[in-house]
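Should a chain be cited, it is by its letter among A, B, C, D, E, F, G, H, I and J, assigned in written order, with residues numbered from 1 in that chain.
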Amino acid sequence: MLFLVHMIVNIPKDLPKDVAQEIIAKEKAYSQDLQRSGKWPHLWRVVGEYANYSIFEAESNDELHDMLSNLPLFPYMEIKVTPLAKHPSAI
Amino acid sequence: MLFLVHMIVNIPKDLPKDVAQEIIAKEKAYSQDLQRSGKWPHLWRVVGEYANYSIFEAESNDELHDMLSNLPLFPYMEIKVTPLAKHPSAI
Amino acid sequence: MLFLVHMIVNIPKDLPKDVAQEIIAKEKAYSQDLQRSGKWPHLWRVVGEYANYSIFEAESNDELHDMLSNLPLFPYMEIKVTPLAKHPSAI
Amino acid sequence: MLFLVHMIVNIPKDLPKDVAQEIIAKEKAYSQDLQRSGKWPHLWRVVGEYANYSIFEAESNDELHDMLSNLPLFPYMEIKVTPLAKHPSAI
Amino acid sequence: MLFLVHMIVNIPKDLPKDVAQEIIAKEKAYSQDLQRSGKWPHLWRVVGEYANYSIFEAESNDELHDMLSNLPLFPYMEIKVTPLAKHPSAI
Amino acid sequence: MLFLVHMIVNIPKDLPKDVAQEIIAKEKAYSQDLQRSGKWPHLWRVVGEYANYSIFEAESNDELHDMLSNLPLFPYMEIKVTPLAKHPSAI
Amino acid sequence: MLFLVHMIVNIPKDLPKDVAQEIIAKEKAYSQDLQRSGKWPHLWRVVGEYANYSIFEAESNDELHDMLSNLPLFPYMEIKVTPLAKHPSAI
Amino acid sequence: MLFLVHMIVNIPKDLPKDVAQEIIAKEKAYSQDLQRSGKWPHLWRVVGEYANYSIFEAESNDELHDMLSNLPLFPYMEIKVTPLAKHPSAI
Amino acid sequence: MLFLVHMIVNIPKDLPKDVAQEIIAKEKAYSQDLQRSGKWPHLWRVVGEYANYSIFEAESNDELHDMLSNLPLFPYMEIKVTPLAKHPSAI
Amino acid sequence: MLFLVHMIVNIPKDLPKDVAQEIIAKEKAYSQDLQRSGKWPHLWRVVGEYANYSIFEAESNDELHDMLSNLPLFPYMEIKVTPLAKHPSAI
């Protein structure tokens, strides 16, 4: 099952730089693992914003929530999930 | 270049059924041509809505507008375009 | 998998009464079939509005979209779907 | 009487971790008591968000407000309450 | 139990005048019955708008929905219901 | 003249508890004086929220602003005022 | 007492031209009477919109509602009223 | 003086095609006159929408309103005007 | 040229009282100078809010921006500017 | 390709003045380089706001994102990008 996920990142300005960098590095590793596993097939940067649109592949809502809520940046994110279905015109 | 395109379809209730069906058929053919050409790589149905999220591939804004404004259903659509860039974590 | 579905019904005022009544009757039968099948475990009226909040049970996004888009009142509805997961405190 | 309650949790980032954990533990115990008492029949996690949709059963508005305002996490929550009535098609 | 109810009236311009007048007369009679019964203790006009704020007294959500959905103008209204509780400072 | 006043209270989390309690106590006393004087005939708690809907009686806009801006909690409140008129159906 | 009033005019496209012109002429005469009487001290056009911002002077909310609801264009207007008070810095 | 003007065009579906085409032709001629006169230095199409962003040059608000309200498509447009000033970093 | 200016003031709670008082005093002096000069002909308090609606008179957008951006409270304000034109019915 | 970019600047009040001044100086230099290079052909101040509307010229979405995300003030900005196409009436 596919889901469109919109993530807006908002890291508090007073978070120490090194702490922030560490979380961002973990986020990158975590996301690349999921991408390699096929769970996160698409990850695009929204032009001009610290935000992304992604496509996630999950067997269930619970699995998706698990993947999203374990994102290292999850506490600093505003996330909206839109469930997607097969479009009748899609080839 | 990739663009996320959100299309909400709102066909007037008083449009004669046959006219509507004809436009919808043209829309399907038009979209499948673009999909086969690689210009419209992804087309997903938003669950529960007469709407879709799509990914378009275009060389320029003008080309994208041309593709969208020639959609047979264009007069009955609310469209929002979000330009996408490569994400630093995307593999 | 559970989904919270918000449906706002907006039947055009100029739809002939008998046509409207027929669709509403079909809607009731359709919904009661799904309720009996366990696919639509909860259906509540929003106080003061021609709208409802429902809980749907579906194996996939596609199945959910199928159930929703075949609602007889679907053309006259504004629908929002929120995917639900198990809450860590739920007993 | 049933109510749909939407709770968005927003714990300040500078709240000491142990204080936060303690409140969250109290919240879990408090909510599970109410669930066992039948007052809080449904509690679902919104996929991708630190938020939930719940169904509360209360004899009166005052009782509902009392239950909600005594949630340990209440000071860190944005809550919207939607009163629900019996739907004419509900079986 | 008290509820704040916001009603915005939007009678279609093409509804024949006499039909509209008849519905409005029924609405007035219906509302004054409820006011006399104590169910509708307050009814105020929003300055500059064809809208009102009202206070309803109801034993249950179902009773309130019943009163509201039977308003003759109900098909032409946008209604929002806010459940009210006793304020700790209210004398 | 009557006014519907919606007050959302948002006390900063880092305001010392005793300071907050003192302001809240002053707020209660201030509001109960106005209630006894007939200036603040109705004060209801919005279920699930640290907010209230109130009805104020004032001779002029200036008098109303004076009453509201002198609320001890005024600096921590979001306030919306809706002027009310006599409804033609009100008995 | 002063009120800021925002009026957005939306005359249905299918209203016969002569009927519309007649209402607009009545609106002009009605408004100029109120302006001469001092009740409508300011009337400004919002640049680029069929809308205006006005300042009304009224003894009471009821009087203001009376003036506004009797505007010939009232059925075709979206109106928002903001009560104004004397500013402490106003000379 | 410069103004950013956002125009969303919404021609009613039931407007006869020839009438619509005539207005659109007039609109093009009208806009190209203003462009040649330097009053309308920029006119861009919003990708995917029947809308534009424009830059207008006007000596006064009245002149700008005059130019906009005389657009042949004005009755079918939603227009928002943002006044612009010289940016301290602009070269 | 006239402009409607809406200013919402939001002074941070942790700004030292004396600093805040000093800025507010400067704001009052600054605004009264502009009022006496005719540049700021109207300044009204929005009832119940730390906000105002004002009418400014300026020769150009640049002059208006200059006046607004030099308000001592400018860093703590949310400002919206609406350009106004002469209304055809204004006497 | 042209893009309309809306930037709202929100520098935290507790950022040391000298640090803020330094970033602002860097921002000015950075933006003037891009303006001289033709990449940033238009930069206008929104009257009354610490915000601007700009026109950017970029060969691709990636190039635009690169330019925007390297703005020294980027961490303190809310940015919205609207892709623009050639308007059929533009001369």
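As a convention for this text, a contact is a pair of C-beta atoms (placed from the backbone, for glycine too) under 8 Å apart; a residue touches a chain by one contact, two chains touch by 3 or more.
Model, not experiment: these values are computed from the prediction.
Novice: Pick out the pair in D-E, A-C or B-H whose interface repeats that of D-F, meaning over half of the contact pairs match by residue number.
Specialist: B-H
Novice: For the interfaces B-J and G-I, which has the higher count of C-beta pairs in contact?
Specialist: Top pair by contacting C-beta pairs is G-I.
Novice: Relative to chain B, which chain's C-alpha centre is the most remote?
Specialist: Relative to chain B, the chain whose C-alpha centre sits farthest away is F.
Novice: Approximately how many whole Å separate the CA-defined centres of chain E and chain I?
Specialist: The computed centroid separation for chain E versus chain I comes out at 39 Å.
Novice: Based only on mean CA positions, could you tell me how far chain E sits from chain J in angstrom?
Specialist: It comes to 50 Å between the two C-alpha centres.
Novice: Return the distance between the CA-based centres of chain F and chain J, expressed in whole Å.
Specialist: That gives a centre separation of 42 Å.
Novice: Return the residues of chain C touching two or more other chains; collapse runs of consecutive numbers into ranges.
Specialist: Only 2-3, 45, 47, 61, 64-65, 81, 83-86 qualify.
Novice: Applying that definition of touch, give me each pair of chains that meets it.
Specialist: Final set of chain pairs in contact is A-B, A-C, A-D, A-J, B-C, B-H, B-J, C-D, C-E, D-E, D-F, E-F, E-G, F-G, F-I, G-H, G-I, H-I, H-J, I-J.
Novice: Quick check on the complex: what are the chain C residues that touch chain A?
Specialist: Those in contact with chain A are residues 1-3, 60-62, 64-66, 81, 83-86.
Novice: For the complex, give me every residue of chain C touching chain D.
Specialist: Contact set of chain C toward chain D: 2, 4, 27-28, 31-32, 35-36, 42-47, 52-53, 55, 82-91.
Novice: Applying the document's contact rule, which stretches of chain I touch chain J when the two form their complex?
Specialist: Chain I reaches chain J through residues 3, 5, 12, 15, 61, 64-65, 68-69, 75-76, 79-81.
Novice: State the interface residues of chain H toward chain B in the complex, per the touch definition above.
Specialist: For this pair, the touching residues of chain H are 13, 45, 47-50.
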